[in-house]
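Here the structure is laid out as structure tokens; the discussion comes afterwards.
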Amino acid sequence: MSAFLALLKRDLTLAVREGAALGTALGFYLVVVAMLPLGLGPDLKLLSRIAPGILWIALLLAALLSLPRLFEADQEDGSLEVMATAPLALELAVVAKALAHWISTGIPLALAAPVLGLMLNLDIALTPALVATMLAGTPAISFLGSIGAALTLKARRGGLLIALLVLPLYIPTLIFGISALGFAGLGQDGFTASFLILLAISVASVAAAPVAAAAALRLQMS
Amino acid sequence: MISDLSFTAKAGEALLVVGPNGAGKTTLIRTIAGFIAPVAGSVSLKGDDGDRDIAACCHYVGHLTGVKANLSAAENLAFWAAYFDGGDGNAIAERVDDALAHFGLLDLADYPAGLLSAGQKRRLGLARLIVASRPIWLLDEPTVSLDAASTELLAKLIQQHLAGGGLVIAATHLPLGLDEPVYLRLGARTATPSPEARP
Amino acid sequence: MDLGPHAAFIWASYGAFVAIVGLLIGWTLFDGWRQANALADAERRGLKRRSTSAPASDRGSA
Amino acid sequence: MQTLTQRLANPTRFMELSRAVLPWVAAGACLLIAYAMYLVFLVAPPDYQQGETVKIMYIHLPSAWLAMMGYSIVAVSRFGLLVFRHPLADVSAKAAAPIGAAFTLAALITGSLWGKPMWGTYWVWDARLTSVLILFFLYLGLIALRSSLDDESLAGKLTAVLALVGVAILPIIKFSVDWWNTLHQPSTGFTSTVDPSMRTPLLISAVGFTLLFIALHLKAMQTEIVRRRVKAMRMAQVERDEQRFSAGAE
Amino acid sequence: MSAFLALLKRDLTLAVREGAALGTALGFYLVVVAMLPLGLGPDLKLLSRIAPGILWIALLLAALLSLPRLFEADQEDGSLEVMATAPLALELAVVAKALAHWISTGIPLALAAPVLGLMLNLDIALTPALVATMLAGTPAISFLGSIGAALTLKARRGGLLIALLVLPLYIPTLIFGISALGFAGLGQDGFTASFLILLAISVASVAAAPVAAAAALRLQMS
Amino acid sequence: MISDLSFTAKAGEALLVVGPNGAGKTTLIRTIAGFIAPVAGSVSLKGDDGDRDIAACCHYVGHLTGVKANLSAAENLAFWAAYFDGGDGNAIAERVDDALAHFGLLDLADYPAGLLSAGQKRRLGLARLIVASRPIWLLDEPTVSLDAASTELLAKLIQQHLAGGGLVIAATHLPLGLDEPVYLRLGARTATPSPEARP
């Protein structure tokens, strides 16, 4: 087994055994989505209109708040330093870890979205489009987020700070994710274009973010 | 900071870095491992096939064990084996068993590592030295929280490694039962550490 | 001066601009003044220390 | 022989030079800004389309330009820190960030106060406005990250990584109006085609505020150098005290 | 100076000196509020309609994410244990600390709300009502939040877990805060009633939360 | 856990708790301070005016200093003075100055405590014993990271406190220069600590 796969497998195993992390993220997603109708009143038309936006933003927040632990655990027990002396480039290690975060948090959150959509009276016909855009967009969330997680490894106030650093980077994903759903809802054919842009953003962040994150990690080891 | 230091270590040799607290032992070892960029000077490795990147052929064992509480002892080692050297499942399992056996952890192989005692965790961390073979070992106080028996196991391991032509650089106060270790003595800093320096 | 029907917006934007830039200038000067004071204080202490090189703490009761 | 940059990079040398230059820059800024305001309020004509609201342009545009210039300074300094390890580069970037953030805020506020009469709303979510807002967030992020780390040199390097990640925003701001169809004025080479009666005050105002930016930046850099010196002296004092104390006991 | 005032003053001084904490919270508030219109599209009518809800929810999140540090700093440096052996009851110490949190975070966030309201095209006439309801409601946020902060003092994953524990407790505040604004917007006179309920919730949490938080703190000291 | 332990300490007396690592010294002191509820048994304080709550009239000094990095040394002490005993600003300032002077920190009074060295921070933490007067002092390894000079100061302080009729219970390996300390010896635990116990 290659080093990359070994790390991916280890992080996924840990995510399964420490299931609480995913549970907390899903719980947070649920609570935030549930609060909005409370805040906005039970106007079903209004709710279904803003549902895509709300599902996306709550998903961003839930994924975001699970990011601080991405490198922290490995730093606390010393694994991170050992990894830095291994043949696998730290950049690739970051890719493996961010990928594991996507699989263990991004995908479950994306799959939970349609269920929560029901609470917001989201058109059921939109479900495939919703899940597809979220699956295409969440890699960007995990990978861009890895930059924030790496930068704030030694900072106090982890959670809030990561959010402030990373949310601006999420804005393109958010905009195209929601616009894709908007097109899908109106039956217009802009959907494919938006969806492809979303994919492109994800691919670009998979390529670029690990470099920045690995640089930040290295700086903090010295 | 450490300054005016120059030394060479040859294959088959153990270099023991000694000195009082705060002398810079940890700093030196972390510099060799490549974590800290030296302000001036360089670390170089001369191989048969030209110069190689030192960090890529060394094992670093620091104060932390790199052991995951939620993986079993065997899983922990299997991960590091695959991470350092790759190889198929059977070969890895064999190396893992060897390593566990050497440190007397075979009985605990399937226990979550979180249940092990501090000394056992430490031994599990050291077993990493066996599962993947690297020519250079950088050890920072490897005997901390090890009892006499475990220290002896470690010393035996180091001797084997040296006999096989390996190189060991260790910060430690114990001679580790080595025949003729080379000592590198670092002096105490004159000034006290700056208050910002967190140990 | 007649600024037309939208005078309020012009004044508001100039007002906001002056407020922001004014705060920025004020803060920059204040911070400079504060640090200069701190430096003067630190230098004074340094001088005092060098002149009175008594071995024991002058006020501590060690 | 030292090169010019090496000499400038020496903090003591920088302090001397900047102390000599700063009054002139500040005076130039005051004069040009005063002259520009005179032209704007007493000479320049109203625009045939926008009427008197075009007066907002004379502060909106310089703010927008300086917002971007500020980020460029941060990014270039940060790059200098990572690559050349200039200690002054860190000082420069740290000093520039709050100034750039202030001008970004000014661009946002004057822009939205211009938007209400022109577009009928303070804010629309178009590409240009949104990208400037993201620039503001980036500034906030830089400042927040910087201040949440105790270790000064680590903080400098980490902010450098963030600043370089964020550089992509500059071309987006610049070209957003060309790439996407938006409400905001496209950049039609406005500054060269417009009537001189409006162009002259705009240029004078822009140069004046740029000088102001430089003056503030120099002053903030000086303050930062002094702050570091104070800290070093205090730490030395702490150390001396500690030694004196241990010696006093024997 | 009484012990209570001394603690209050100390926490406020620290909040001022470590100004970054407030800055980060305000920045997060701004970012989250700015993201919602991005997500919902630039429909100004829609925005101004849901603005109160958005401002409230984003404020809840911003305040919430600044809570993990409430007791953490005192625990890390040992102050918390010393306080536990002092004459002032730990309950009152919690009151002082939560009060300081309210003054240093709740009030600034409440005052920032109308400015952010502009971005959401909120009716300017609503500003006094907005600020008043938020000032009346935020004490509940700080005090109820102190329970979450105390409970998660030793847990990893502080941010997400606190949010999950405390957000449900915030729901009454949220509902009445927004309904008060709804009445104010329609010019109906239900405003006073909602406002008074909001005040009552705050008073009740000021009275009850410190007991729970202090109990949680004591348990974690042994 | 500690069991079968019973002792009385009188005013003017110093009780030094000694024993090997893990013997339960810290546990004992934290129990007296009221952090840990004893599984069986009780801690009681007999005063002239009936029984009083022990936690409310003791100073507890543990491993951590309770010093805020962003307050100056004087502000740190002034806070604890006001927090423990109240009083008006002038009285507090006087007590703070006394305490700083006793530990040789007067020159650094206005510096942020974060700048102080580890030893100075530790002394600042101990100065709390002076700014507010309490009859009982519970000290857990108070001499850790103190140099000889500071240890001497502390010993003097403790003697003064005892002479004034105070009571000191300290876990420490040094006799602290006391005339006739009472020793309480705790034995080593037979079992090794369970792996979960974090020191």
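Per-chain numbering from 1; labels A, B, C, D, E and F assigned in written order.
As a working rule, contacts are C-beta pairs under 8 Å (C-beta built on N, C-alpha and C of every residue); 3 or more make two chains touch, one makes a residue touch a chain.
If you're wondering where the values come from, they're calculated on a predicted model, not measured in any experiment.
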**Request:** Using the touch definition from the top, list the chains contacting both subunit E and subunit F.
**Result:** D
**Which of C-D and D-E has more C-beta contact pairs** = C-D
**Asked** subunit A-subunit E contact: same residues or different, taking over half shared as same?
**Response** same
**Item:** subunit A and subunit B: spacing of chain centres that average the CA atoms, whole Å
**Value:** 36
**Request:** Please report how many Å separate the Cα centroid of subunit A from that of subunit D, as a whole number.
**Result:** 32
**Asked** For subunit C and subunit F, what's the span in angstrom between their mean Cα positions?
**Response** 41
**Message:** On a C-alpha centroid basis, what's the spacing between subunit A and subunit E, in Å?
**Reply:** 26
**Fill in**
Where subunit E touches two or more other chains at once, the residues are 20, 24, 27, 31, 38, 41
**Asked** For subunit C, which residues are shared contacts with two or more other chains?
**Response** 45, 57, 60, 62
**Message:** If I count partner chains per residue in subunit D, which residues reach a count of at least 2?
**Reply:** 130, 137, 140-141, 144, 148, 150-151, 234-235, 237-239, 242, 245, 248-249
**Prompt:** Residues of subunit A touching subunit B in their complex?
**Reply:** 1-3, 5-7, 9-10, 13-14, 17-18, 76-79, 81-88, 221-222
**Message:** Please output the residues of subunit C touching subunit D within their complex, sorted ascending.
**Reply:** 1-7, 9-10, 12-14, 16-17, 20-21, 23-25, 28-29, 31-32, 35-36, 38-39, 42-43, 45-46, 49, 55-57, 60, 62
**Item:** Parts of subunit E lying in touch with subunit A, wherever the complex brings them together
**Value:** 20-21, 24-25, 27-28, 31-32, 35-36, 38-41, 46, 49-50, 52-54, 56-57, 60-62, 65-66, 68-69, 156-161, 163-164, 167-168, 171, 174-175, 178, 182
**Request:** Report the residues of subunit A in contact with subunit D in the complex, numbered from low to high.
**Result:** 147, 151-152, 154-157, 161, 164-165, 167-169, 171, 212, 215-216, 219-220
**Complete:** The answer for subunit F against subunit D in the complex is residues 104-105, 107-108, 111, 114-117, 119-120, 147-150, 152
